[in-house]
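A short worksheet on the structure shown next.
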Amino acid sequence: MYSGVPPQLVVTDLTLSFGGLNALSNVSLEIEPGSITSIIGPNGAGKTSLLNCISGFYRANSGSIKFEGHELVGASPHQISKLGVARAFQNIELFSGLSVLDNLMLARHSHLKYSFWEALLFYGRSQKQEIKNREYVEQIIDFMELEPVRKAVVGELAYGVRKRVEMARALTLGPRLLLLDEPMAGMTLGEKEDIVRFILDIKAERGTTVVLIEHDLGVVMDISDQVYVLDFGQRIAGGPPELVAQNPAVIEAYVGEEAVL
Amino acid sequence: MKLYIRLFFSLVVFALLGLGLAQQEIVFGWSGAVTGPTSDAGRFVLQAIDDYCRYANEEQLIPGYTVNCITRDDQYNNDNTLRNFEAYLDEGMVAFIGYSTGGTLQLKVNALEEEIPVIGSSLHIGVIDPPDNDFMFLPISSYSEQVLALLEWIADNYQGEGAPKVAIISHPSAFGRAPVEDARNAAELLGVEIVEVQETGEGLDYTAMLQRWSAAGVQYVIGQNVQSPIAAMLNAAQALGLKDSMTFMGAHYTGGETLTNLAGDAAEGFLWATSYYLESEGTPGMVLQREIGERYGRSEETITDTNYTTGLLQAAIYVEVARRAAAAGEVSSQSIYEALMSMNGVNAFDSGFGVGPVSFGEGDRVGVDAMRLIQVQDGEWQPITEPYNSRTFPQVHPLN
Amino acid sequence: MAVNRWIQSGNYRRNYKEDQTIFATFSEQASLVVLIILLFLVPYAPFMSRSLFRLFDLVLIYTVAVMGLNIVTGFAGQISIGHAAFMGVGAYAAATITRDLAVPLLGFADAVPFWYVLLLLPVSGLIAATAGAFVGLPSFRLKHLYLAIATLAFQIIFTWSVGHTPWLKQGGSIRVPRVEFFGEIIRGSSAIGPFFYYFGLVVVIVMALAFRNLLRSKFGRALVAVRDNDRAADAMGINPGATKVMAFAIGGFYAGVAGALLAFYNGSVIVESFSLAISIDFLAMAIIGGLGTLVGSLIGPVFLQFLDPWVEQLADLVQWVMPSTIDVGTAMRPSVFGIIIVLFLIFEPRGLANWWRLLRQYFKRWPFKF
């Protein structure tokens, strides 16, 4: 939008309705590769719905979503995941009966290149692939500082840790676009700072594009390259954080939070 | 040291003693449904086998030998039948009495390999059809022959125009389907039209079925089933007023006291094909049946039941062949088999339980070949024919 | 490893390859080897009789089938009420291929060579797997109970179609030739019992190894993922519908192999061996053994098969004290089995496998309590 690099994700005129209610109406936005983009807006504004459309869980009624040239509307979540779009859920959706390690190994599913027959033997390629991907998983574990809980069963972990595993799992998919839905919700200040650090590192070290939904406007204004604001399913503003913060429509939507802005 | 020697010798003596005793014992095995499906019939067969073996021992029917009839429940489950059969082998069985159609069919190969004669309660013709039929025997005529006899009766007694129209109500199992193919072929020979073959166990809407048949002009209904669906059908027919326009009939397991008890008046006129005498006839065999039943404290219900006769006949056949084998030499499955195969001509066995002598031999694996038609008249079963054989059966289903 | 390998109480694996191994400690590996040796020695035990061999042989055959059911129900979380029918597909495949193709084309007479049986087992498995995949197809759209109904429908259609197909003898017995093993025809229960014990044991071991390997691969993880949370699985690039279909296919394969084995074991195939009642027995074996564990599939069939004759004797005993008009026996087996299943579902939903796990832990930590 500003640098001339072609955008990685282009959403045009996206409309999604549930019965009579428009969760999204004619939303358009563009996301540059390697940037951090935040989507903000009051509760029920349609932020999660937008993410669900991008990741294939909802099918938009009209409009298009292009990721690196691929149309995502109509594709299923597993197809979109394989294109390089990963997503962490707002309400933790982990495999609670499995260990942290297995949760993360599951994210390597599409990267494990061996056939069913090789799996039955578990020798040669399948074993090598498992080891190679296990190494990748261990890197993420290091990166997200999850070493102490590596073998713990996810269902037995504290909320903050589970949120972190959720984010780690999305990252383990090795995405080029990472969608994070309120990764810091309900966390202590210390935990939030960790997550902010992780997000910045993801951008800096891996060059992964991050789309972040977040209610903490302080954090959003600090780390975002771009901010989009949704209200009642409509995009009411978009641009660099400083510009968005001064937008009167945004201020109106956030009456109670002027102080923060 | 001495102690060990004494111990050793006493062991040898015991072993010899045991061996001696074992030689004097003849083991027959029975496996059937005492619980589970069809156990109402199976229990009478079991009681008859137990009773006849006791009777044979008390009367010393086989001089110098005792008969040991091992009887175990198989819950109408083939796996259990096979398990019992093999358990009996461990216990020295020389001949086996089977029960269910499935279990007996599945036993054919085992009987052949173990060279153990098998007589079943199932009258499925496949039991004695090749292959693997060498050791398989039926106590009385097959379902196929019974159904064919009924078709012949229809052809002979029909007085209307065109071909008589018949419907068959068969059990949804190998048992029910056994005679269907032969029946179709015989019907063609006899000029009888089979309108429909309806498979049903319990719980069908008999009213709808009968109305459909009535609309199609069906005049005769032949059952290859068990008594309860037949009774339900008869009750429905009576309620619909179809008893005058349709004649109901059936093979061995449709008839007997159980049917008249279940269907009451609705059973009036039902025609039944079987090879057993009825207890009420008071023939010598039936007198013996009552004597045995009363001696071992059986209820009136047991004593008058045809399934009790079935068990008595099965046990009586084996006791008789064992007696012949013992007279000729030693009793083994081999000598039992040979005695069975030579039970013909002057050696045929008149058990008194069936309406004809029991005969087996090359090309004859059916014990009591003859059968009669028996009809419910004024609430009582009355024979309406002399013992005879189906004339179309040898044409339709030649035995090897 | 410098420390005593026998009393190792935790895992000290030093690289990822070691971490993939199935058994954590050396003593666990050793006890498995001992167990397998013992199992191979069972036929030499003095107490072995024909009927005991039958019990063992059926346990082994059913174990193969229950492993398959466990993949569908325990790992992929899809209840199957038609597993015996898949076993039937395998058995009928083996019987008809042998009767209509192998005997006329390859000229087998009284018996079929062992290599042919080895070849036919996976072929029958694949045919049953195809049936499994087909029945699993609705899982792209249906979930949970609806899918269970689809499997029930398959069970009913199977029984009905076999009963009405003259080619399959309408469910009556189809003869299957005996097996010829290095020039000797295995016939008669005294030969068949031990032969199928060893054959069944080897098949169980091979199938269990494949099972274990599958489960530690991405395919096994995908099954569990779909069971635990199919939305999240979808986001991981796993196609939930296809994964369930795969589970049904694998389950079908195991059932089909078991069916072919049963066909050769009995020397005949009859439709009653694959009834709804057997399907429910399989479910009971899987539940009581422990859903979602390999050990459960191994313990469940043993437990129920050995319970069966015992319940029978108990019924005899109860019938003795009850008036003869009350038919205890007929009600006994289904009710005892039903009660046991319900008790397990309430008190030990993880099945006997959990007891096994606790026992193992106890010995691992011994002599310490915690």
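Quick notes
As written, the chain order gives the labels A, B and C, with residue 1 at the start of each chain.
Here, a residue touches a chain if its C-beta (ideal position, glycine included) is under 8 Å from a C-beta of that chain, and two chains touch if they have at least 3 such contacts.
If you're wondering where the values come from, they're calculated on a predicted model, not measured in any experiment.
Taken chain by chain, the contacts run in an open path, each chain touching the next and the two ends left apart. Centrality by C-alpha centroid: the chain sitting nearest the overall protein C-alpha mean is C. Subunit A and subunit C have Cα centroids separated by 42 Å. Centre-to-centre spacing of subunit A and subunit B amounts to 75 Å, using the average Cα coordinate of each chain.
Separation between the centroids of subunit B and subunit C, computed from CA atoms only, is 37 Å. Shown for subunit A are the residues that touch two or more other chains, of which there are none.
Looking at the complex, you find that subunit A touches subunit C at residues 55-57, 76-78, 81-82, 86-87, 89, 93-98, 102, 105-110, 112, 114, 116, 119-122, 126-127, 130-131, 134-135, 138, 169-170, 173. Subunit C meets subunit B in the complex at residues 49-51, 53-55, 58, 163, 166, 169-173, 175, 187-189, 193, 266-268, 270-273, 312, 315-316, 327, 329-330, 332-333. Across the complex, subunit A is touched by residues 16-17, 19-20, 210, 213-214, 216-222, 224-225, 228-229, 231-240 of subunit C. Of all the residues in subunit B, the ones that touch subunit C in their complex are 34-36, 39, 73, 75, 77-79, 82-84, 86-87, 89-90, 101-102, 105-106, 108-110, 113-114, 124, 126, 131-132, 172-174, 177, 181, 199.
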